[in-house]
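Should a chain be cited, it is by its letter among A, B, C, D and E, assigned in written order, with residues numbered from 1 in that chain.
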Amino acid sequence: MSSFTKRVHIKNRKHKFEVGERPGTINIPDDALPPQIVIYSFNETDLQTREGSDMKTITQQLKKCNEHTHWIKINGLGDAKLIEDIGTFMGINQLVLEDVVNTHQRPKFDEYDNYVFGTSRIIFFNDDNELVNCQFSGIVKDNIIISFEESHKDYFEPIKIRLQAGKGIIRTAGPGYIFYALTDTILDNYFVVLSQIGDRIDQTEDKLYESPDKSIMFEAQQLKRTLIVIRRSCWPERDKINDMIRSESELITKDVKLYLRDAYDHCIQAMDMVESYKEVTSSIIDLYLSMVSNRMNEIMKVLTIISVVFIPLTFIAGIYGMNFSHTDEHGHVIPDNMPELYWHHGYVYAIILMLGIGVGLLFIFWKKGWFNKL
Amino acid sequence: MSSFTKRVHIKNRKHKFEVGERPGTINIPDDALPPQIVIYSFNETDLQTREGSDMKTITQQLKKCNEHTHWIKINGLGDAKLIEDIGTFMGINQLVLEDVVNTHQRPKFDEYDNYVFGTSRIIFFNDDNELVNCQFSGIVKDNIIISFEESHKDYFEPIKIRLQAGKGIIRTAGPGYIFYALTDTILDNYFVVLSQIGDRIDQTEDKLYESPDKSIMFEAQQLKRTLIVIRRSCWPERDKINDMIRSESELITKDVKLYLRDAYDHCIQAMDMVESYKEVTSSIIDLYLSMVSNRMNEIMKVLTIISVVFIPLTFIAGIYGMNFSHTDEHGHVIPDNMPELYWHHGYVYAIILMLGIGVGLLFIFWKKGWFNKL
Amino acid sequence: MSSFTKRVHIKNRKHKFEVGERPGTINIPDDALPPQIVIYSFNETDLQTREGSDMKTITQQLKKCNEHTHWIKINGLGDAKLIEDIGTFMGINQLVLEDVVNTHQRPKFDEYDNYVFGTSRIIFFNDDNELVNCQFSGIVKDNIIISFEESHKDYFEPIKIRLQAGKGIIRTAGPGYIFYALTDTILDNYFVVLSQIGDRIDQTEDKLYESPDKSIMFEAQQLKRTLIVIRRSCWPERDKINDMIRSESELITKDVKLYLRDAYDHCIQAMDMVESYKEVTSSIIDLYLSMVSNRMNEIMKVLTIISVVFIPLTFIAGIYGMNFSHTDEHGHVIPDNMPELYWHHGYVYAIILMLGIGVGLLFIFWKKGWFNKL
Amino acid sequence: MSSFTKRVHIKNRKHKFEVGERPGTINIPDDALPPQIVIYSFNETDLQTREGSDMKTITQQLKKCNEHTHWIKINGLGDAKLIEDIGTFMGINQLVLEDVVNTHQRPKFDEYDNYVFGTSRIIFFNDDNELVNCQFSGIVKDNIIISFEESHKDYFEPIKIRLQAGKGIIRTAGPGYIFYALTDTILDNYFVVLSQIGDRIDQTEDKLYESPDKSIMFEAQQLKRTLIVIRRSCWPERDKINDMIRSESELITKDVKLYLRDAYDHCIQAMDMVESYKEVTSSIIDLYLSMVSNRMNEIMKVLTIISVVFIPLTFIAGIYGMNFSHTDEHGHVIPDNMPELYWHHGYVYAIILMLGIGVGLLFIFWKKGWFNKL
Amino acid sequence: MSSFTKRVHIKNRKHKFEVGERPGTINIPDDALPPQIVIYSFNETDLQTREGSDMKTITQQLKKCNEHTHWIKINGLGDAKLIEDIGTFMGINQLVLEDVVNTHQRPKFDEYDNYVFGTSRIIFFNDDNELVNCQFSGIVKDNIIISFEESHKDYFEPIKIRLQAGKGIIRTAGPGYIFYALTDTILDNYFVVLSQIGDRIDQTEDKLYESPDKSIMFEAQQLKRTLIVIRRSCWPERDKINDMIRSESELITKDVKLYLRDAYDHCIQAMDMVESYKEVTSSIIDLYLSMVSNRMNEIMKVLTIISVVFIPLTFIAGIYGMNFSHTDEHGHVIPDNMPELYWHHGYVYAIILMLGIGVGLLFIFWKKGWFNKL
């Protein structure tokens, strides 16, 4: 539970930019990771894998199998030179390259003359149970798809496995299908994150019903903020997929669009879950606040009833604790100043008076319904 | 009332999926029920009913009466093989089959080349008074409609009865009409659920006016959450029906569209009721909170008035309970240190002083309007 | 005021329906009133009025003056046979007849091949000051308009009077104009209801400023709920009128559309008033809650100041009420254990000490600004 | 400040109408002012001014200068006959005349065959600092513009002055330009009102920071309501101006439309200011409520700390105020029942005990952070 | 931190205008700064800079290099004559000039026959840490762009530097590109402001978790208001950029539109950040309020438990402090009126009784769960 109550940071790495600088300038943040390149070149029968971290590896591999479909997978954006070289080699606009390294893009899909460009938000809980929100971007041109990720995490492992298995149309449907498959993997991970959040909500709700304490408020706020982060990725992702479906680029084939329609449904389902969870979280907060306020009510009621019953009684005791006295010339008390004190059963009468007042007050409160639970 | 205060679980069965797996993969949840198949084959004059649980039953029956309209009713989705066989036999896209078994679809309507596909949410209170939210899906192709349900509950009994009666156009209007009739039955059940919720709201409201207690907050939150579940089904259902009305598929005939317009109105009516009920529920919560706060006010006021009246009186009694004394050499008290104590009517004066202060304070509070009900 | 604080019931008569029954089935609720029929047949020079309660009256009258415009006014929907006969005679779709008797329709306007159909919500306060929300529906075909109302109330009296007077175009503009006139009368009544609500809001506001009590919260909630009912009728009414203006049916003539534009403006004005009133009601609730909280503040402040001043004083009195004593062998008190008690002016010193503490505390609180009104 | 705290009445004069009456009926409210007519007839070189209060003045003046542009300015709508005469003379639809006298129109712009009609809301603070919300309407036909106002206030004085000066295109641009100029003057006055409200908001905010009291809540609510009135006029005014810009009537020339675009911008600016002011007002309320709650916290904390420290001390004093005693046969006290009382330094010990408890409790509270400001 | 808690003033300079004055009138506010003019004339190879403050400088420079692109940068709007002269010289509509000097425009983009006009809001924190919100406007015609700013601050320094460097297309892409570059610089500054706000939010959040006090509420409100100011600029800025992208003016070339698409994305990103920050700020306020309320709960609980335990104990002490006595004729006490007082171990019994009651009450409260943290 300890890792659960960690603050969710919504700020990832800070923007690094100069005011008014030339658009298309490629600024690499200081803590960006060095790039790791893996190239998958494949056709129906063949799959080649080649690793490297410089431009040469790429150009060699592309030349070698120029009829294959290539998926150039780049993890780590720490090398401005490499990214510019890729841009030049592929004929990519500087503004697109800027978007690749400026990792605060909203999901979007842009069509250019002979290539398409898209970004998504990759969201997962890391091993320290922190919510990570980093950027994926992809460029599709001719028979090539280049994917860029911020981290070195092997996020797209399942796609690699599917490529190796070679079942279905994954090796034959072109780079647009790979782009779809990557997007779909990202969406699948949204459901993983949402299911983890769902479990936490369940835990929090159980706690609310079983042993509520003030951490609930805190946890619910954290969950809400996590959900807001996901929603902020999900909404533009939906628009992006919609743009892809409506795209007139031949890189997004009709077959791929059919699958994208499916991804579109998944995206809406994820948004639906986010909204549900947000509402559940809100109702947890409402119920918790109502429980706190009921608790306060109960405490106040007990305090009030006990106070109000005892205040007059203590006052009476105080009266008969007064030292009014009248003494005769011998210093002997003459029982006429507080005559009750000298009555034979004065004490018993006083006790009876007090009991009467106490019971009377309790009766009045019972009549007023103060003993009902409200 | 006990079953009433059950928690509403909005999570049905968990998603079962692998991140990044091939789209169209059919994953059957472990707790899915085995399929029960009933085939109704009918034309204007004939109605045949055939039960089974495998593919053979279906193919035999379809061959036998190839001029009839067939309604293949499948309850239970626990047999991946069967569903794939149906898919192959009917020529249905894998993605559609995935949607059939992944029972978290939003209501939607998709047109394909020669068939249409739709899903709805079936919502009802089960015998344990729990809200069940499960999936209906239907495929219409040629003269066949296949309906899939998660549960074994005989939800579409009324349609069976209407088929047996054979009145109206139900036997002659084709599979599209059956699809409409199933959708309409689902909508009718929304009204049943809403009417049950309406009764519960009435009970809660009666309780609010007659014997409010803290369960009201809880119950209102539960009702609200139930309404949210229904609304989440109702909105996309409306869009789905609208898509059907605008569909250009010849499986949805012009006659059926007239009826769908009617179903569309019902759907909006249901949404309207949901919104009404949500507002009533909110106003119950507001009124309850206001009653609680009024109660607290009243209690605080009584406490304050009694405390504030008695605090000075008790202080005076305390003063005259002090033991200041001045004794002469004989140890006799000389009445000059607290002379009031030795006055002849000192006690009476003290009582009058106290009464005066008490009445004075009450008068001040009355002047300030503290006895008015706010 | 007593009738004012009645609960507003938003549920009218319950839906009566069977799940999954044949669409177009005419279910008459058990408490539906028997129909009263009045037929107004008129042209520029002539106006005939005929009353009855069966189909024969209608057919006779229609035959008798087949060149006249006919307004068949039916109050009470308790006769399924009659309604079906009218449907058959006029050639009306079963679904339309179902909408006529199922009195929970939202305002809508539907065009059919040779007739048009519209519904509205009639809203008024009845003699018991309860908000009644019942259904009006109208069918216009050829030279005939049939109007259906749930109640026997003579709601359209003013139209009857205008028909009798025969001024303006009411007798010559055809049944579409009568339909407009009925709709406009319903809208006029919205203003009547809104003006009654406006008066109640004024009363509540006056009460808030003059003698606020806890009924204000209750009354404001009731008003809010009433306004919600009206808004729910008003919004679709606007859409309905808009549909009529855009209608291509020749039953809604160009002249009538000019008047409908006017009705459309009225409808928006009514919605505007509803929104205004809702905002005023909300601000009444806010102000009331703020007054309650201010009151609590004031009370708490008085309690605190008095308590905090007297608590130390009472403690001091308690100290000098202790019985510590030191006696010599003669049982005489030796004034060395609580020497203050035996000082000559000990009592006066104690009183001065207490006064000092009291005044000091008051000064501190005054410094802290506790005497300012916050 | 006294006039400031006046209630803002959002209801102006009451609707006067009969339910179901003939559309186009002209009902003059009883308190309507008698009309004052001023006719300005002008061309590039000439400006004639003529006053009157009947139809004859108008017809004479129109005949006399039939080539001039005429602005017929009518203040006061108390003469039904006059308005009907104008309607007949100008050939204006009855529904338009009804809108002129029914002074609850939303701003709108309607085009008719050969004339246009528009309304606006005139909003200002009168000399009693009350918010006045009355109606302006204008009819433009041929070379004539007729303007109607409810009040006798000389609201359009600046236009008169500009006409007399004759600079710019005001005398030559036709009646459409005059209509624009009137609308623009009304918009300019919105800024005057908004600037007065801005000053009041500043005053209220200063008060909040310097000497907050409970009038702030009240004042903020009043300001909010005033802003709502303005917003309600501003939004449809924007639509109206937009309708004018898109109008195809030749009465609204292309030149005028350029100016209307400017007026449109002003309208949006006014709406922007309204929204800003509403948000500032809301944040004033939030801050005030938070200050009140902080004040309560502080008071409660002082009460609690003082109570909790003194309650055990007073209890101890109470214990040693008990009269338990054991007397020997001589009536002399034997110091064995409450032996502490008879210890030599018992009193000092008791004082030390009390001090210890008091300091200990304060230490505990300090440890718990109760002395921190939260 | 002191400058942080400054009030954010959303009102800049006051509107200065006369109601109903001629549109296009140029009113210079009294505190407007005198204009400083810098003209940058450049082509691919040449860059000339010329400073001045009158019309002559401009005309001379334009004539001198009539093939160059000119950027006339005007800081300070205090000279009505100059602005009118520029308007006349360039052939600019009076209404545009009015918008230039009336510095309360929302961002907008207007196309005229042969020139375009746009405004933006420049937002930054000045050296006193106050939020400044002033106006930028630009006119593009032929080969000239004129930029107007309210302040003398050298806001566009980076553009000057880029012009001097002459890299990229800045010197060759025409005045439309300069207009884009200025707009983009303004947008870049939004991110600077947002990043400062982000830091403040972090500080406030740290404070919330580490040493919460009541300044948090205040600071969060200030941050919220700042964010509202930025959002109000950002939204219309987006629309403005969109209008520029869709503009058909040849002054906004296709190349520039590509860059504008990039600026459009930045604008949406800024809006996204504003929304994120608003939500974080709201959740800070919620958490703070919940902490305050938890604190109050804890304090109330301690008060209640201590009070409720000691109230009955003090009452018992009060009882045995009563002076009921019965004396024989010798003035000797006969121990029968309060016999407990004279029991041998009465005092010990009383102490035991008190301890028992105290422990019993604590046990009851523990049972009720009052010691749990809620």
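In this section, contacts are C-beta pairs under 8 Å (C-beta built on N, C-alpha and C of every residue); 3 or more make two chains touch, one makes a residue touch a chain.
No experiment lies behind these values; they were computed from the predicted model shown.
Chemist: Among the remaining chains, which ones contact both chain A and chain E?
Modeler: Under the touch definition, chain A and chain E have no mutual neighbours whatsoever.
Chemist: Answer with same or different: of all residue numbers used at the interface between chain A and chain B, are over half used by both copies?
Modeler: The interface of chain A with chain B is built from mostly unshared positions.
Chemist: Between 0 and 180 degrees and rounded to the nearest 5, what angle rotates chain B's CA atoms onto those of chain D?
Modeler: 145
Chemist: What is the distance in Å between the mean C-alpha positions of chain A and chain C?
Modeler: Here the centre of chain C sits 40 Å away from the centre of chain A.
Chemist: Can you check how far apart chain D and chain E are, centre to centre, with Cα atoms defining each centre and the answer in Å?
Modeler: It comes to 25 Å between the two C-alpha centres.
Chemist: Please list all residues of chain B that touch 2 or more other chains.
Modeler: Each of 300, 303, 307, 314, 318, 321-323, 338 in chain B touches at least two other chains.
Chemist: Take each protein chain as a node, join two nodes whenever their chains touch, and name the resulting shape: line, ring, star, complete or other.
Modeler: ring
Chemist: Under the touch definition given earlier, write down the residues of chain B that touch chain C in their complex.
Modeler: Interface residues on chain B, with respect to chain C: 156-159, 161-162, 167-168, 170, 181, 184-185, 188-189, 191-192, 195, 198, 202, 205, 209, 258-259, 261-262, 265, 268-269, 272, 275-276, 279-280, 283, 286-287, 290, 293-294, 297, 300-301, 303-304, 307-308, 311-312, 314-315, 318-319, 321-327, 331, 337-338, 368, 370, 372-374.
Chemist: Quick one: in the complex, what on chain C touches chain B?
Modeler: Where chain C meets chain B, its residues are 7, 10-11, 14-15, 17-24, 93, 95, 98-99, 104-106, 108, 110, 211-214, 217-218, 221, 224-225, 228, 232, 289, 291-292, 295-296, 298-300, 302-303, 306-307, 310, 313-314, 317-318, 320-323, 330, 332-333, 335, 338, 340-342, 344-347, 350-351.
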